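Structures for review follow.
After this come two complexes, each holding chain A, first together with chain B and then together with chain C.
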Partner chain A sequence: MKKLINDPKNVVDESVEGFGLAHGDLVEVTPDPLFVSRAGGATTGRVGLVSGGGSGHEPLHAGFVGYGMLTAAVPGAVFTSPTPDPIVAATLKADGGAGVLHIVKNYTGDVLNFETAADLADAEGVRVVSVIVDDDVAVKDSLYTAGRRGVAGTVVVEKCAGAAAERGDDLDAVAAVATKVNSVTRTMGVALTAGIVPHAGEPSFTLPEDEIEIGIGIHGEPGRERIKLESADAIVDRMLAPILEDLPFSSGDRVLLFVNGMGGTPLVEQYIVYRHAAKVLADRGIEVTRTLVGNYVTSLEMQGVSITLTKLDDELTDLWDAPVETAALRWGR
Partner chain B sequence: MKKLINDPKNVVDESVEGFGLAHGDLVEVTPDPLFVSRAGGATTGRVGLVSGGGSGHEPLHAGFVGYGMLTAAVPGAVFTSPTPDPIVAATLKADGGAGVLHIVKNYTGDVLNFETAADLADAEGVRVVSVIVDDDVAVKDSLYTAGRRGVAGTVVVEKCAGAAAERGDDLDAVAAVATKVNSVTRTMGVALTAGIVPHAGEPSFTLPEDEIEIGIGIHGEPGRERIKLESADAIVDRMLAPILEDLPFSSGDRVLLFVNGMGGTPLVEQYIVYRHAAKVLADRGIEVTRTLVGNYVTSLEMQGVSITLTKLDDELTDLWDAPVETAALRWGR
Partner chain C sequence: MSVGIDWVKAWVGDTVRVVSENRVRLIELDREIGDGDHGENLDRGFQAVKAKFDALPDGETPAAALKLVATTLISTVGGASGPLLGTAYLKGSQALGDATSLDSAAIAAFLTAARDGVVMRGKAEVGDKTMIDAWTPAVDAASAAAEAGKSVAETLEAAASAAEKGAESTEPLVAHKGRASYLGERAVGHRDPGAESSSLILRAAADAATATEASA
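What follows is the complex of A and B.
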């Protein structure tokens, strides 16, 4: 294992500390219990947004803390849900008097810990509503999940819900936006290589030199099938087909096309994936009106990508376009 | 070799085509000869900025085309300078009547081809001034260079010179800003693994499982030394020492601290590098007033990072902060 780390036990603490040092204009880091919150704290009268989950998916979630997106993020150990303690602390910090939305990726540990935290925060007088993200069409149940997994679509949920909170929507309305985004968002991933969890020191799975895994999870959980390496275009066809039929997306739809790198795949390849995905959608009469390409929901140094489609209407387009100022997404302000 | 590509011969064309499809609001792609230019063309009366070089370093350079930064970018084959033809075409396109600045990383092929292109553009009536970027302190001469190599500091040159052009500086003044940024910018890189050039199909060098290369170039050219893998903090110490003594940077200086991922190193590690670099600078009395962390000048899927310091004064700080709207850098507008 070759990594730019010190003691594997300290990877998350040191990385989050570095993140706080780098982005002190946007965030502050509370070390114990560990969470990241917006510089200047919650905005009075606005709904707070808290997300979190295992580390190793950076910039998710701390990279999305800031104006127009999350109020706080709770990083767990690598690929391990944070415990209720820091989630409660982040929730109290994120409350501006209008309640707090929890955005939770659908993994059993995350769901349980966020539930417990919501109850504890409620006992402290902060109303919490939770929305579960489960955008991954690859598999029904998985290693750490009952039901579908929450993957790259989480970024779209956090962006649009954050914009809704910023414009002054109340807690139920912000939750409704998050639920709506999740309901029109579908994702599918592929892995060429596995990431290595630092304290484990070994790849979380192994793929032969000529094989890839279609439908991979962001923790390296099994997907749909292992196949021989194919051309990028053929792989994109395999990923898009189940996405398109699942919602389904159809001719005349407007979509956000989001090609997400898993951490170890360079941009030069991500744009080759984007190119063919855009062509397939054009052929089907689906109009790509918004775009995101880059490493946003990663799996350590895994080589691979995911493709996410979100069906956009005027409201979601406006929320996507609304100003955002975070370490990982920034525009319009 | 596992990559998300189709025919290795088409990697650059297809990737740039995908880039153009993804960012049609910011850029347009001219396919033959291949270059990327700002959507809407050059701004009348403003100096145009053109950069370029071998592909494989994305988002450099096309990712920096847009308001406040480059007017056009010319991608060559992977790790291979573009020929004069597309550079001339991009230069003519980038001219708004106030002349064009060429920003050229110091590699022999790039320098020669940009020189030829400048002469040809001049013959077409476009005045061109060239600035060579050579921020890499690692080695004096290298595989493809006489003198120091141009590496991640190129981003800082392009950002500040672009802002100077946008505020209306004339060609000599924009060139002076670029020269000034280069003169106060120093970079050093490290590689843990090599990238694989698609048409070669093999890593461009090999490192044993327990070794790293200090002072690596962005094409995998040899650096200063190969050593056994150390802690991130020890590696950062080795990288910063020659940077700090070279300018030199001293107590009281204000700097931009830029930690750049080489393509295959996840953000979680980049922030661990940032953390220690920030501490070393604080211990020396050097104040980090601006920050950049992420994959900006990559070497395909190489695992590694570079650290860049730019000494900032009020002018360079203002130019860095000025609005920018490109695929890879965006703020303030």
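What follows is the complex of A and C.
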């Protein structure tokens, strides 16, 4: 394992410190308990948005702190949800008097820690509403699993809910936007290799040279099957089929097509994925009206991609297009 | 025969050592069916507990000391195991009240409340391939031992042995909760890291009771 680290124990602290130094115009970093919040603090009268989760998924979530998106982000240890303390501190900081929305990815640890934090923040007098993101179609049966995971679609939820908060929606309305985005967003991921957790020093799972894992979550955990490596187009077909039938997406729909790199797959391959996905959608009469391609929800240096579709109506299109100014996403301002 | 704060301190000390010694093994178990952070997270949590215990004032009740373990784990471990184990210690401590001296019935009540706390938070049942597969047989064994009039050390010994068997029993199971649930059939053949760490913690409780009773 070769990594640009000093000490595995300091990876998250040093990385977030560097992030704060690099983007001091956008964010401020509170070191203990560790969280990242918008430079200048919460906006009075606006709903605050707090998200968070294990580190190793950068730019999620700190990269989305700023105008039009998150008010604060709470990074946990690598691949480990944050504890309640920093979530509470971030929530109090993010409150502009209109309450705070927690955007939580559906992973057991994230849900438990955010739930505890929401109770504690409520006790401090800040009203908190939580929305659980579970966009991953790879997990079928929630009766026998922890349920669908929250993966790349989280970015779309954070963007649209952030825009709703910025335009002055109240807490319940912002939560309703987040819920709506989640309900029309579906994601499927594939891994070609595993990421390497710094303190473990070894890949988090082993994948033979000629095999790929279909239906992964953002830690590489599987959801569907392990198969022999195929062409990019064949893999995209495999990923899109369950997405399209799930909502379902059908002819005449307008969608955001979001191809997300998992950290170790270069853009040249992500665009090959995008190319075929766009063709498949066009063949089905589904109109791609908005696009996002790049590394937004990563899994350390894991090779792989996820494909996310969000069904767009006029409202969600406007919210997606609304100005945003964060380290990882910025337009219109 | 009963135990008090000395047992709690010895238990925590043993747990800190055992978790640290098994850090890599727990990481390995978790890498197989989870994401490989369990040993790291628990070690971080119990090191924080150790720091707090080194500064523990004299005269604390067992309940107060165990509540300190709970809040420290909740605020340092993260993931699912932080809130789950933290809740176990929290609910367990609440069952002890102000007692300074714990007999085997109190120990059984403590373990039962701890297990119920984990179930309340995590909603897992026996057979879901989680820490509950260690906790529930441990509680059953401890309750039976206490009712049979066994000593505290014997009660905790029964709990620890049952937890170890319970952890082993997770190996052939398909996981229904937590991250391992996404593996489906592929989780079969791997021991649940949460059940394993719980059995280590309960073994430390038994060893500490044996040592405490011997020195009493």
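Heads up, the rule we're going with is that the second predicted complex is superposed on the first by the 327 of 333 C-alpha atoms of A that agree within 3 Å, B and C clash if a C-alpha of one lies under 4 Å from a C-alpha of the other, contacts with A are read in each partner's own complex, and residues count from 1 in each chain.
Please note the rule applied: a contact is a pair of C-beta atoms (placed from the backbone, for glycine too) under 8 Å apart; a residue touches a chain by one contact, two chains touch by 3 or more.
On a predicted model such as this, the values are computed, not experimentally measured, just so you know.
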Self-check item: Which superposed partner A:S231 touches (first chain B, second chain C, both, neither)
Solution: first
Exercise. Please indicate which partner A:T193 is in contact with in the superposed arrangement: first for chain B, second for chain C, both, or neither.
Key: first
Quiz item: According to the contact criterion defined above, which of chain B and chain C contacts more residues of chain A?
Solution: B
Practice problem: Give one of first, second, both or neither to describe whether A:G52 is in contact with chain B, with chain C, with both, or with none. | Solution: neither
Practice problem: Look at A:H219 in the shared chain and tell me whether it touches chain B only, chain C only, both, or neither; answer first, second, both or neither. | Solution: second
Quiz item: Just chain B (first), just chain C (second), both, or neither: which does A:G18 touch?
Solution: first
Quiz item: Which holds for A:R149: it touches chain B only (first), chain C only (second), both, or neither?
Solution: second
Self-check item: Common interface positions of chain A, toward chain B and toward chain C
Solution: 78
Self-check item: Residue ranges of chain C touching chain A (in the complex, touch as defined)
Solution: 27, 31, 34-37, 40-41, 44, 74-84, 121-122, 174, 176-179, 181-184, 186
Quiz item: Which of the residues in chain A come into contact with chain C in the complex?
Solution: 54, 76-85, 107-109, 112-113, 116, 138-139, 144-146, 149, 197, 199-200, 202, 204-205, 217, 219-223
Self-check item: Residue ranges of chain B in contact with chain A within the complex
Solution: 2-7, 11-12, 14-19, 21-23, 55-56, 58-59, 63, 78, 190, 192-193, 195, 209-210, 212, 229, 231-233, 235, 257, 259, 263-276, 278, 288, 291, 293, 295, 298, 300-301, 303-305, 325, 327, 330-333
